[in-house]
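Listed next: structures, encoded as structure tokens.
Two complexes follow with chain A in common, the first pairing it with chain B and the second with chain C.
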Partner chain A sequence: MSGVADRQVIVLPARSNGQPYAVGQAWPRRLRFAAVPVLLFLLWQTSASFKLIPLLILPSPLQVWQAFLAAGASGTLTTALEVSLRRLALGYVFGVALGLPLGLLFAISPVIRKLIAPSFWFIVRVPLLAWIPFLMVLFGLGEALKLIIIAKAVMTPVTINTERAIHGIPAGWRELGRLYRLSPWVTLRRILFPATILPVFTGLRLGLVQAWAVLVAVELLASSNGIGFQLTMARQLFQLDTMLALMAVVGVIGFLLDRVLALAERRIGRRFGGAV
Partner chain B sequence: MTQEILRLNAVSKSFIVNGRKVEALSGIDLTLRPGEFTALVGASGCGKSTLLRLIAGLDTPDAGQILLDGVPINGASRSCGLIFQDHRLLPWLSVVQNIELALAGTKYAAAARRALALASLELVGLTDFAGAFPRQLSGGMAQRVALARGFVNRPRLLLLDEPFSALDSLTRARLQTELLRIWAHEGTSMLLVTHDVEEAVLLADRVIVLAPNPGRLNIALDIDLPRPRLRSSAELAAVKAEILHWLDDLAAAA
Partner chain C sequence: MNTRHWHDTRLGTLGLGLAFPAVLALVWQVVANKGIIDPSVWASPWRVALAVSSQVQDPQFWADLGASLWRDAQGTALGILFGLTAGLALGRSALLRAYFGPTLDAGKAVPLFTWVPLLSVWVGSGEGGKITFIAIAASIPVLFNTAEGVLSLEPRHLELVRLYHLGLITRIRRVVLPGAGPGILRGVHQAVLYGWLATIGAEFLFEAGNGIGTNIMGARDLYALDVVIADMMAIGLVGVVLDLSFGHVERYLLRWREDHRT
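Right after this comes the complex of A and B.
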């Protein structure tokens, strides 16, 4: 028999859009994202089943799931989340309230920019985690410390993106306002605001994601409640199943915060499209 | 005084470029008659656009005087419109809203603004696209909307800053014809800046040549060819050749 006749010929079913599968595309495109997570999960389960890593160090998926349910049932998880999310919201509001005007001032006043921007950049360049010891000495371990840290994390991208957004308004668009003798209010409403909303919103989204990451970090280091504190507690009590469950919760919340704002961002992009 | 819509007396303008003073325009004297279509040609960098911006009131001259209808200009004015090289439509406003923006500084009520904008849109034949957004338009259509926006204020004088230079040649030809039709209909005085000599000869009653470094008026040429003019006519080609020759001499002298 010749080699050609032996070769198996597989006719792939047509895809919903009528196009045949391309060669090497055994996974439908929309399921591809799942390949690596499924592989990792299988590795994890295998490790647990054969105890490749002791279960005390790396508990099985089932143990983690049960720890998650237990934490949820006992109320520790919801209480911790409530504390953390309230902190996040408050710190976020502070950060935005500082970042928006600061970015605006940087953009419109060269004097203020010259005065403040170098200090701003110095503060930004020292990583947040390096600020924590100093701020702990200054403000103690109370709520103020956490709010300042979160606010700083939010303020940075909000300020930078706001300034950039205003600088990014094409001169030709601003000129329309002068050409048609529009009042400052109409110019703001019809030209300046729509031209900047998308990049400003990007700053708001980045700020929220960073705020969440930083919040968990500061709770790990200096807190007596919140989800970050529960994480440290779980490690100290060597409840690694609980610890992993909390980690997953932190990840999922961060992911959702980003998703929701990214969706809103895309909507704004469609509405004010081409603005950037 | 009624025989001129625009008068420039010894207008000069310079800019600071890299710490060095560069004279963009020097001693410009110019008079435009009402209803006339004037074209301003010259090599790039000879200050054509600067001159338009001064007349539009977006910049102020260092010396000299600009009178619109006998009155010194003071900032932008609704009796003087300006069409840019790019359409400058705002992407978040629909076509009709973009045109209404030119009326947003007026005392017209919203309904009146809408009516005026739609009438202007009809002038350029795009009534069906009133609700469309700029990204849905072709380059030629977008520039027609910009024309409609330029005409919506019924300006006495319309300045056009190379309005067709970013378009492909077929679209450009169509829009040139369109512009002549609207001009005949509205009777607006036009001042067109272009580096396309053929465009100038095809459209204008008078072509003014600007010499570079610093920008100054060189010659003014009345184009007496009867309308409608044919792009392919020998007379038009002869005038075009004459102006091109002039520009070559200027370039050689520079």
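Right after this comes the complex of A and C.
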């Protein structure tokens, strides 16, 4: 979603460091993470039950759940999700198809790097959102606008991480390949692939998470369908129950995309961990 | 490997970097002049240059840019303040980490812009909502990087703290800040960039007020591509200046660290 080079994902360690607890004992250790969400939910329910905040401003959990079911039953939710996810997939494929070769070219040819990298950096540095009005003038409000924006969001981390991955191949590994006179295919499979797969995959993960974030932004701003548009509609009709339900859907999808790929990344890390 | 190439000189690097956009601009100009593309839609580089010079002389442009920067500064400052406090607390307390860590981690995966409709109802679609949104955007990288920085403090340094019974202020000033400094500064650096991005986003998505985001959207409504590009360049330039200048601040503040001396 941004022109920032890349974002680290930091999983805060939840384990204790052996310090004695005064309060924590009552909760089973592994369930402590649930305390905050449960507490928030109880606060929410209390506020709704006693109408501490008008239901128009903060609908009850039940209302939000019903709005979710209603949106699901009427088909608005599934249609919107279908539109958005198709956009995400298509834009993602474009972004990866641009980013991987570009990162590769940057890494292997200093001339190409010097030729294109400054322009690439300029494009990256201009915040993504600032491109939206520009692309709106050129391409209108159609699909092209969204695909370009998503592809750009994906391309950035993919290119950067691919280049870094190739630069990071230990010199000794390549020497080993030359020493044993490995064929190009074996070199690729046994040396280049294991050495680069993890950082490249990190780029792919960051790209997907950013693509989802950006898709929501561009749909909020300039779209006539998709989940972001439905969110805007609910806001304009002041249906906060629908709005909160849709927000939850967007959040859960973002969370799942991140977690699934993070899991895959850990797997790859374990399998090819020795490479880095 | 170590032979010098023609493109290793400064001039070569600069020339190559400029060649690509120069050729692009030239082709664009020629194609526009020949009438192959409609020059009233695809503003030629020359028209963009004219738009830049007219924007620079336009007091409205400067007023909008100033309004955006002021909004950015307020929101980012609030966000950094909050992120720093929460990050320090989270980094120092295993209990807080156990309870809040997973929730915060999950919350981070929710796309930032999803909050816009909710904020516009709860906080208002005017200045309050915009600044809150910018503050949220800026606080996230500070919070996580600060927490990580504090977690990376060396146990022996903390032992020293216990040994000498250092007070809270001394502890923070002499041990926590220097040890967690790189993490905190990395977070603040990202916050400065996120803040600017969020400022533009807020001006697009919340109720129209003043600001460079409103300015660029106004030009878009008129299909004035030259003005849109000029504004876009201004937005990009602000981002680059913020990035570079904070990079200098970061290096200056960390000049005493061995691993930052290159």
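Everything that follows uses one rule, which is that the second predicted complex is superposed on the first by the 252 of 276 C-alpha atoms of A that agree within 3 Å, B and C clash if a C-alpha of one lies under 4 Å from a C-alpha of the other, contacts with A are read in each partner's own complex, and residues count from 1 in each chain.
Going forward, a residue touches a chain if its C-beta (ideal position, glycine included) is under 8 Å from a C-beta of that chain, and two chains touch if they have at least 3 such contacts.
Bear in mind the structure is a predicted one, so any value in this text is a computation, not a measurement.
J.: Once chain A of both complexes is superposed, is A:258 in touch with chain B (first), chain C (second), both, or neither?
T.: second
J.: Now for A:175: first (chain B), second (chain C), both, or neither, which partner does it touch?
T.: first
J.: Could you say whether A:119 touches chain B, chain C, both of them, or neither, answering first, second, both or neither?
T.: So A:119 only meets chain C here.
J.: For A:131, using the defined touch cut-off, is the partner it touches chain B, chain C, both, or neither? Pick first, second, both or neither.
T.: A:131 sits against chain C, while chain B stays out of touch.
J.: Thinking of the overlay built on chain A, is A:271 touched by chain B (first), by chain C (second), by both, or by neither?
T.: first
J.: Now for A:98: first (chain B), second (chain C), both, or neither, which partner does it touch?
T.: Neither partner.
J.: When the two structures are overlaid on chain A, which partner does A:192 contact: first (chain B), second (chain C), both, or neither?
T.: neither
J.: Between chain B and chain C, which makes contact with more of the residues in chain A?
T.: Of the two chains, more chain A residues are contacted by C.
J.: By the touch definition above, which chain A residues appear in both interfaces, chain B in one complex and chain C in the other?
T.: none
J.: Which part of chain A faces chain C closely enough to touch in the complex?
T.: It comes out as residues 1-4, 7-8, 10-17, 19, 21, 23-24, 29, 32-33, 35-37, 57, 110-111, 114-119, 122, 125-134, 136-138, 209, 212-213, 216-217, 220-221, 228, 231-232, 234-235, 238, 240, 243-244, 247, 250-251, 254-255, 257-259.
J.: Can you tell me which positions in chain B touch chain A when the two form their complex?
T.: Touch list, chain B to chain A: 56, 58, 75-78, 82, 84, 86, 88, 90-93, 101-105, 133-135.
J.: Can you name the residues of chain A that touch chain B in the complex?
T.: 172-173, 175-176, 178-183, 186, 190-191, 194-195, 271-275
J.: Which of the residues in chain C come into contact with chain A in the complex?
T.: Spelled out, the residues of chain C in touch with chain A are 5, 7, 12-13, 16-21, 24, 41-42, 90, 94-95, 97-107, 109-118, 120-122, 141, 144-145, 147-148, 151, 190, 193-194, 196-197, 200-201, 204-205, 213, 216-217, 219-220, 223, 225, 228-229, 231-233, 235-236, 239-240, 243.
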